[in-house]
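Quick one: structure below, then a few questions.
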């Protein structure tokens, strides 16, 4: 299944080393202005080859809008986006065509389909996430225009390193989406040493959506947090999803966790902006855990298609920490889920919620 | 949206204090033997009123099978299950009809729909999970019969308390689904003190599915772990979901996290049985974080439907730790997702995977 | 698959001779007043046992609303409706448990599922349509309140008999939903003779929805006419669906068929109110062909579960013309499709259409 | 909504005069051999510019396979197909940018979206059906390989002209898909006169699928005939759908209509191969009514975007009978629905049906 979303429906296609990757965004309301240039910034944020800390594959990632537009505006018909692959080096993968790399999708795709495209990971490659980011550009713009919503993310942990401070301004000023500038040189040294060792490390990314109105989400099986969990868990290498305090809530007392409300606003935001699966008007906050890259220069034990033992050494171009580039991807998924729910809410409830007293979402 | 699953599709309905709750299980293959008695055990495990550590509401939870059966077997047509509500005490909630309790779905349902059923939390009550457990009984039985799969869960953290040992035998022998019997008296004392204080606490539940064949899951937007995340996050009070090592993977090195493979089997199971969104044949392992119950006897600040400040004290009958009864619910959701994916895999891939060499899933 | 609709989603369950039939209506907007009494009229129109021209099974068809309501209004949560079966005579079917009646679903259910409930046709019985009519009551009311839409139907052919005049007033004044009172005695004689002969006959039903605003329908695979076709073809015994002129359009010239438009309105309605899959503002008109009942007292050749020849004579209680009772069912399906599309249109397009000049839908 | 199918899911995109049209075919089982050349024949059958009796637009219709293949075989991942538009003449449409042509989707798209692409009909153009035919090539091949199913169609009425004989061999030997060669010169003269007059005419197309096993179809809302009705009604210009005898069944007696069964086979096929929404093993037969083309050189009354009266004369290149080219499109839709149901049946019922005695499907 290569589609997600209910009313805003995104379908992606393409393999890492195939001729192209693309997506179809169906259900976008008519009238949104959109130009190919608007995709450049976010795709660049996700791109490989932009610093020495990420994979060195260099793709132009030029988006061609194939449909759904007339005179610079969306028409309500499906928007197809296409990106040609230009820097695929399939010969790097010849050696592993019959081998299953440990902790990779190689083995499971083979077991499922009985056939797989081994070039660059085929469909399981993070290359696919390019199209999530592209689709996310549309959602971000629509949410900003219609509700003033701002969706942004940052790295909140790199290996064992935690931020020592927080400043949104810092996030876009370094290659790590790190929220504290003073730590950047240390992170660079950390990554250089890691790359030299041939090993990799995990990361944590946090996304915050500011300005989400109360009322979005469809209990009990289309909850906002449930859909966020599915969307975020579907990103390559993600092993965990938290809303608000997440796993920290396990050891909390109810008297601490509950976000009290006053006419002046909520007094805290442990819930991460979702109660009963519906947005509360506070910031919607989600965090994800990304595992360390599985493609290592350090030899590992694997098996081949005949079930025999092999020693696997992954050459090719890889990220020593896939989590770094995951920030724009996670933002995109959050934005797409929110836009889908904006439409779903409008369908069932119209503007009914807007007449009720709303509690300001501060303290989030 | 009150349905989930793609080929095995479960729709639930009903409110906490309405006349009944129920579900429709659509897509179950024909020929499965099923009797009303088979629902008793799991519903009892989820039930309130079974120990002093959970809510004291006492419901018979008698399941009536309304359709989809002939001479004791499923026929392939939709199976409707009905449970009448018998111990609803709606007057307990009179006081809060116009108040929004902090950290409850009260406020968000009101904002979304402009109307809500305040009796016992209405649709947002954990009462709805009765039907998840009932539907899960069907999935567990089918998975066991067709694949020998065993889905079971346990509490893996209660507040700040962690298990000091692990024994599956212990789990069903205490009111907490706790895997280490020696700690049970201490847990009872902990809960007694908590109940006396009027406060509540969070919990963590872990579910393990043994025997899942490799190949289940539909990348990239119907991944097994993505669907598990959605299903588990949709359970009341859940704030986080992990697959395998989950958030521990953040600080791991790739050389540690990757599960090496030999002809004799996997050497570890950090991945939790899922690679690239497809089952690997190892145990599928998922954990969830449950927030502390929001209904407390300790007064909290809230607002009412006019936006004015109120002090909220929750009487009624509540669990001091909702996580305790979440174990059978989480098991049910995992089983339902697995059965759905068993059918989805059969649809697209038939038995293609079965001819390939499989790596034993031990060391999980 | 026992659900239909995209945003207004109806799931039905139950067999002809099981304990109950029911449905879950999910996605209905909050705030709609609804009482059990409101289901009586339409269920009575569909009911058996109301005249000598239909099956003599007598069911109370009392609707219990199990969920989704608070203080007489819908809350936005799923509405479950239940009807107990009370007049099932399963012994009538003992003889045919191992036989496949010609032109019945007996053989195909057996081939599909390997098991079937033979009592009264099981799931394939027209009894299931009771719940379509019940769900349709909700849709009709909502469409009338929000858009002033009126959905009504009539028999437009009975065997070879065609109406000799047309009067909406007449339709509800006879047992045949026939639009011309003067013909009713002749129809009664026709049916009496048919019943005596042990044979059956087909019928045609026409449904007209007045007041549908322009803009509903989602090209190209959620077209209004496409969804109507699916909904109407899913009714028992339906073999054909037409929109507007339908098959008469085959022999028409374009200069005749095209509905010209003037500022004063459309000049004709050959299209049946749908252009390019989207409503035009004219009356939406659909017709269906219903085959003659297959259950006959006249012996017919069939086979049994062992593949051997049998002579089948159907006793039990049957309609000599199933098409007669199909009128309220067809109305219900049209209403449910329209309400679904009202919500879908609101989701994607908001109120954008309402600012454009609209052409009156007269001449329809 | 621009996707259809449940397990075999086709999403199309693109406008008549945009840069390209395309589709994504998701859910195709792995292992199917497929080459770009295999699309040529069916696309050519659907193409414009192939005879003087159809639109003179000449498109290369070269299919590029963008994804889902490895070494000439499908891999189970989504198959994206792209066709560039090369012969779009948008200036032909300048005049009608602000006019609504009678019986066209112009007015309804405008009402729905508030914006439309007027060039060549935009999304509502029959150009979109190119991708249905392309997707259908995959389904036809898969059905033939796995079940020996043959899906083919023919024109069964052109205006008031009916076939005077029937021969499948004749169908592909003339530009009309007409099943009787002797009538071809008369049809050519008929079309020449029609084209000269500036008028258009309707048509009827019939599709027959031979070799469909019993058991496909999911009652009661995923019936095989219901899904066929939706798929066929979604084709441009279609106003009616029949299964088997269709509207002829209205005037039939039950004793005539019912297809009796003997151990040697069915004795007739009035049902068109579907009973209770499930295939019977007989030929699946569907017919569609296509309205006459709305684009005429004969002036017609329309309105413009300001609601004022205009006289519309359609220049540009159009088919005087759109029904002629509809044959391969209808075949494609039937094939896609059948393949979807093959997968759905395998999911729920596995191979359960295959052990039962089957009645030969002859006499169909």
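Every chain is named by a letter (A, B, C and D) in the order it is written, and numbering of its residues begins at 1.
As a working rule, a residue touches a chain if its C-beta (ideal position, glycine included) is under 8 Å from a C-beta of that chain, and two chains touch if they have at least 3 such contacts.
The model shown is predicted, which means the values in this text are computed figures rather than measured ones.
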Chains in simultaneous contact with subunit B and subunit C: A, D
Winner on C-beta contact pairs when A-D is weighed against B-D: A-D
Whole-Å separation of chain centres (CA-atom averages), subunit A against subunit B: 26
Rounded Å distance, subunit A centre to subunit D centre (Cα mean): 39
Computed distance of Cα centres, subunit D from subunit B, in Å: 45
Multi-partner residues of subunit C (each touching 2 or more other chains): 1-3, 12, 27, 30-31, 76-77, 112-114, 123, 219, 344, 349, 352
Subunit D-touching residues of subunit A, taken from the complex the two chains share: 1-3, 9, 11-15, 18-22, 24, 26-27, 30-31, 64, 66-70, 73, 75-80, 82, 112-117, 122-123
Subunit D-facing residues of subunit B, complex: 7, 27, 29-31, 76-77, 219, 343-344, 346-350, 352
Partner subunit C, residues of subunit D touching it in the complex: 1-4, 6, 12, 100, 102-105, 107-114, 123-124, 128, 157, 159-160, 199-204, 214-223, 225-234, 236, 238-263, 267, 270-272, 274-281, 289-294, 296, 298, 300-303, 305-309, 323, 344-345, 349, 352-353, 355-359
